[in-house]
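Look at the two complexes coming up: subunit A is in both, with subunit B in one and subunit C in the other.
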Partner chain A sequence: MVDLEKLKTAARETVSRDDVKYLIGWRQGTYGFRVSPHFVKEPEEAEKLIFSPLCTNNLATYLVLTERLPLPRGEQPDSRKVALMVKGCDSRAVVQQLIEQGIKRESVLIIGCPCEGVIDLKKVEEKFPHLPGPAQARWSNGNIVFHLPDGDKEVPKGEVLAAKCLSCRYPNPVMTDLMLWEEVQTRGNDEYDDITELEAKSPQERWLFWEDKFSSCIRCYSCRNVCPMCYCEDCVLDRLNPAWVFRSNNISENTAFHLARAFHLAGRCIECGECERVCPVGIPLMKLNRKLAKEVKEKYEYIPGLDPESKPLQSSYRPDDKEDFIL
Partner chain B sequence: MKEQFEPNVVAFLCNWCSYAGADLAGTSRIQYPSNLNVIRVMCSGRVNPLFVVNALQQGADGVLISGCHPGDCHYMEGNFYARRRFALMKELLEYVGVDARRFNMSWVSASEGSKWKDVVQGVVEKAKEAGPFEQFRRNKINW
Partner chain C sequence: MNNKPKIGVYVCHCGINIAKTVDVNTVTEFASHLPNVKVARNYSYMCSDPGQLLIREDIKNEGLNRVVVASCSPRMHELTFRKTLAEAGLNPYYLEMANIREQCSWVHEEGERATGKAKKLVAAAVSKVRLLEPLQEKEVDVEPATLIIGGGIAGIQAALDIANAGFKVYLVEKTPSVGGRMSQLDKTFPTLDCSACILTPKMVDVASHPNIELFTYSQVEEVSGFVGNFQVKVRKKARYVDVDKCTGCGACAQECRLSGRIPSEFDVGMGKRAAIYLPFPQAVPAKYTIDSQRCLFLTRGKCGKSPKCVDACAAGAINFEQKDEIAEFKVGAIIVATGFDVFDASRKPEYGYNDYVNVITSLELERLVSASGPTGGSVMIGTGEDASVPREIAFIKCVGSRDKSVGNEYCSRVCCMYTAKLAHLVEEKIPGANVRVYYMDVRAFGKGFEEFYDRVRREGIRYIRGNPSEIFKRGDKLVIKVENTLTSTPMEDEVDLVVLGVGLEPRKDAREIIDLLRLSQSADRFFLEAHPKLAPVDTATDGVFLAGCAQGPKDIPDTVAQAKGAASSALVLLSSGRVKVQAQISFVNEATCRGCGFCVEICPYGAIELVTVNRMGHQVSVARVNEALCKGCGACAAGCLSGSVQQKSFMDRQILPQIAVLGGMR
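Up next is the complex of A and B:
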């Protein structure tokens, strides 16, 4: 069960430590069901921390997005830890970053929050439109209770949970320094049914589907920026000389952009669903990522973000990898 | 008479095996289709999967990537990495609806001039069947 007092106490203790720079958690957003990331630098700021079904954001992004400005001469870099609150999926992002050596184990302190599933904001806003002020929510015996201005509303989980949570395999953080409350039960076993469904169509039908989706892309790069795995300092999509993907917004460049983005996450995507959540035009990006995750699982029996000792998929090989596609 | 469609196939050949194999086919005067545009790279592991996407954007109807047989790589393990990469890239391209016949990969060693001929014939034949690639070809840009 979620114990907010325990969470706040743990946060206060963590932030008071000398070797911790700050703690990243969630707090109430400014309106509706929104939740903001909360950077706790002083113990008293821990009061604002929350953990509820509204905490959709994957905070692992902030570990790798930190701006590293050049230091003044003679100054040492700040080597203190960053404490991070993680759900199950977020913890896999951290582990994957460790696998890729994007971050160092000693520079991060992982606070695990076993999670019973977070909401899909679009589904909830459809259910409760035009909310005047901020609203809250909590888990309760398999349902989600929303605290709205006109009283509490209890909704079955199945109606409002995000798709990734309905078939979540890892609701409990896979690696933590501190687990805040007891672990929850695994909900589902992901069989990639939606991917199989699309695969069964003919190539023409699949292209029509993707052409429609890709042509609506406005190339805002939100999907890349929010992704906890997209942290290359020199991104191929930003290159100008040579320009791998032109900036013009047409079906050719949009397709190349989406193929490049999806491919760069092959064997790395931990399926937190952030890219799809932030997409302003609703492109089903997880259908691309999950296709590759499915292939990686079937071909190489590899699931990213579980074992920090494992090697990244695409920088390792087995001599007996399948090669039935080679002439 | 209707003119027959001649596909434009881009081939990335590794310097040590496939390029030498193609060279052998040439010096042995083996006849094979001339639809191929060969790009020599140092290793099949050097081929970025985005090369394939880019080739298709810029007017290729088919792509062939060819390297040394597994275990024979001049750089010990380059083709093993390439194999993983392109197994996934092939799945991804097919998943978004690109014809499966457009992407090909083969292992051709320096002594396999006749195998090279068979591979090229097969690839060109498949590209011909698939027809001109138009799904996400880049339009001519007039600056």
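Up next is the complex of A and C:
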């Protein structure tokens, strides 16, 4: 069970430590069911921390987005730890970052929040439109209770949970330094049912499907920027010489962008669904990511983001790898 | 120097190989209008002397500084044309090949569209060649030594040839003695020489040759490095016998409590040995080995009051404290001569190999007819008082060869002749025996083979065309159910002994060698040669050569021939003493590298490492390529997410314009 007091105490203790730079958690947003990331530097700031079904954001992104500004000669970089609150899915992002040496184990403190599933904001806003101010929610016996101005509303989980949570295999953080409360039961056995419909289509139909979706892309790059696995300092998709993707917004360049993005995540995507969540035009990016994740799992028996000691997919060659898909 | 590209395009007819499908004149005309193209010509054979002369003359007279040759695969002639450029004083890496043969004329029929594709390929090559940069080839010294894996006749022959040429050889054999499969054979076809008599002198030579270091009962554990400079680690397994003291007298084996109770590997289970053993009388080295899996003292820690072998050994050679040793050395070349396994006859249950004592394999019969075999050369069924001499004997050929049902489509090449030889020997050893051979085809293709097959038939051995469907027991006899396919008559044949002519298979432990040396397998699972015709002893890994049945089934003369070929290939390397290292290697842009280490993990040559550098006051790790180790395979460049690893001559900015042309964007 979520214990907010325990969370705040742990946060206060953590940021009081000399070797901790700050803690990243969630806090109430400015309107509706929105939640903001909260950077806690001083113990008293811990008071604002929350953990609720609204805490969808994967904060692991902030671990690798830290800018490394040039240092004056003789000055040492701040090597203190960053404390991070993680749900199950978020923790896999941290593990994958460790596998890829994006972060160092000693520079991060992982605070685990076993999670009963977070909401899909679109579903919730459809149910409760036009809220005057910020609103909260909590888990309650398999349901989610929304605190609205006109009283509490209890809604069955199935109606409002994000798709990724309905079939979640890893509700509990897979690696932590501190687990805040007891682990919750695993909900689903993910069979990748959500992509079977797309898989059954002919190549032409699939092409039409994606052409339709990609043509609406405005190339805001939100999907890339929010992704905890996309953190190259110099992204190939931004480069002008050579330009793999031109900046013009048309179906050809949009497709090139999305294919490159998806392929760069093959064997690395931990399926937190952030890209799809932030997409302003509703491109079902997770269908693409999960198709690759499924292939990677079935063909190479590889699941990213579980064991920090494991090797990246590209080098996990085994002599008995299936070869039936090679022409 | 004026670096403005002046490109020469040379379109090859390749006789009619290209010209028949692709209109080379149209392609040449098209190429002459491409940007920066100064000259475009076509010629019947660009790779011929006059063809190359055309290029050299144009470089001199027209001042060309880039060359595109539109002909065959670069695997075929890239080196040829690089030399042409170098001879004309141009950097050899200013060359780009457009493959309009393998990837165009050979795979297409229709002329106009094939010509269109050839145009695109040429245009793509032109767009890339403009962006190529000159590269320098470096050379490194070759370690004047060779590692040979496998001490059968192939390994022995290769070792002797190289050692006689004056170079060091490390010969590594897994079992306690060299000799391999050939030492198990009795006579050899078609001349009927005694196998041991011709092999043993070579085995002795190998052991005594000053240039050969012999590791028996040893295994190669690790190979790193590259052609000319391989680092090798060999595990010398503990024999528990001090080889310097052991005289090979055999008193220990006689006294061993398990004497005559362990199936002998050498006699394929037909004979028995002790826990301390010499695999066979002529074994080299003639030193005993303790089977650590069987020895009572080593498995249970106790062998009576004291181990009998220790008491029996006058030389005091037995040492139960012995440990595995690791030997490390450097070699310039490696020869893989790991041989074969015979087909496991129990995989054809219809032949009852597991059920009946009088169904045996050809290798088992080979031990029975051998004078040094468990029966002293007499062909007997069963053991002890039940032993009897068979009168009616049938051979079945192609057991586990040419048989899709067991996954072996290939012909094992030796079974026809060894069956004829064994039939002859059995007929000779058992007067009045009736011998017949059930066959699908008789393939007597070698020197003296057909004559031998004729001779055997004249001696009264019957050849019956038919592939038996079943063998079962009736009374004392075995019944072979078969259809004579020449007369289309189903028949049953009652015999005393069935000999299964088992085929040759890749060794079960072949995977170890594949992983060690990054070899490939062909469809039959034997090791794959670099080219089936023109490079039959080379492999895709430079400096690694194949000899003998590891590459595919062969008889002894072919094995020896290939071993000599492999030896001479290795000697070419060793005696030249220098090897060129790849110039088209990869390099890292350390400014954009994020140090994820994917390339380090991907690199099959261990050529990349992560190093810590100072980036504006921050210590960050980035990848760095060891130029001597990089083989230019490009795996790192393909795996790099940020595009920070690039391969020379295949940089993103060089191949993207090429792709754009192919895609019709420019």
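Throughout what follows, the second predicted complex is superposed on the first by the 320 of 327 C-alpha atoms of A that agree within 3 Å, B and C clash if a C-alpha of one lies under 4 Å from a C-alpha of the other, contacts with A are read in each partner's own complex, and residues count from 1 in each chain.
One rule holds for everything that comes next: a residue touches a chain if its C-beta (ideal position, glycine included) is under 8 Å from a C-beta of that chain, and two chains touch if they have at least 3 such contacts.
Computed from a prediction, not measured in an experiment: that's the story for all the values here.
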item	value
Combined model on subunit A where subunit B meets subunit C, clash or fit	clash
Partner chain in contact with A:218 - subunit B first, subunit C second, else both or neither	neither
Partner chain(s) touched by A:253 [first = subunit B, second = subunit C, both, neither]	first
First, second, both or neither for A:72, with subunit B first and subunit C second	second
Contacts of A:300 with subunit B and subunit C, given as first, second, both or neither	first
Partner chain(s) touched by A:206 [first = subunit B, second = subunit C, both, neither]	first
Subunit B versus subunit C as contact partner of A:315, first or second or both or neither	both
If touched residues of subunit A are counted for subunit B and for subunit C, the larger one	B
Partner chain in contact with A:231 - subunit B first, subunit C second, else both or neither	second
Touching partner for A:244 - first (subunit B), second (subunit C), both, neither	both
Offending stretch of subunit C which, after superposing on A, collides with subunit B (from 44-52, 98-106, 152-160 or 260-268)	98-106
Contact residues of subunit A, present in both the subunit B and the subunit C interface	236, 244, 314-315, 319
Interface residues, subunit B side, partner subunit A - complex	49-50, 53-54, 57, 70-71, 77, 80-81, 83-100, 104-107, 119, 122-123, 135-139, 141
Residue numbers on subunit C that touch subunit A, as the complex places them	511, 514-515, 591-592, 594-598, 601-602, 610, 615-621, 639, 641-644, 652-653, 656-657
Complex interface listing, subunit A residues touching subunit B	198-199, 203-211, 236, 244, 246, 248, 250-253, 255-256, 258-260, 262-263, 266-267, 288, 291-292, 295-296, 299-300, 313-315, 317-319, 321-323, 325-327
Residues of subunit A defined as touching subunit C within the complex	68-73, 75, 77, 100-102, 231-236, 239, 241-244, 264, 311-312, 314-315, 319
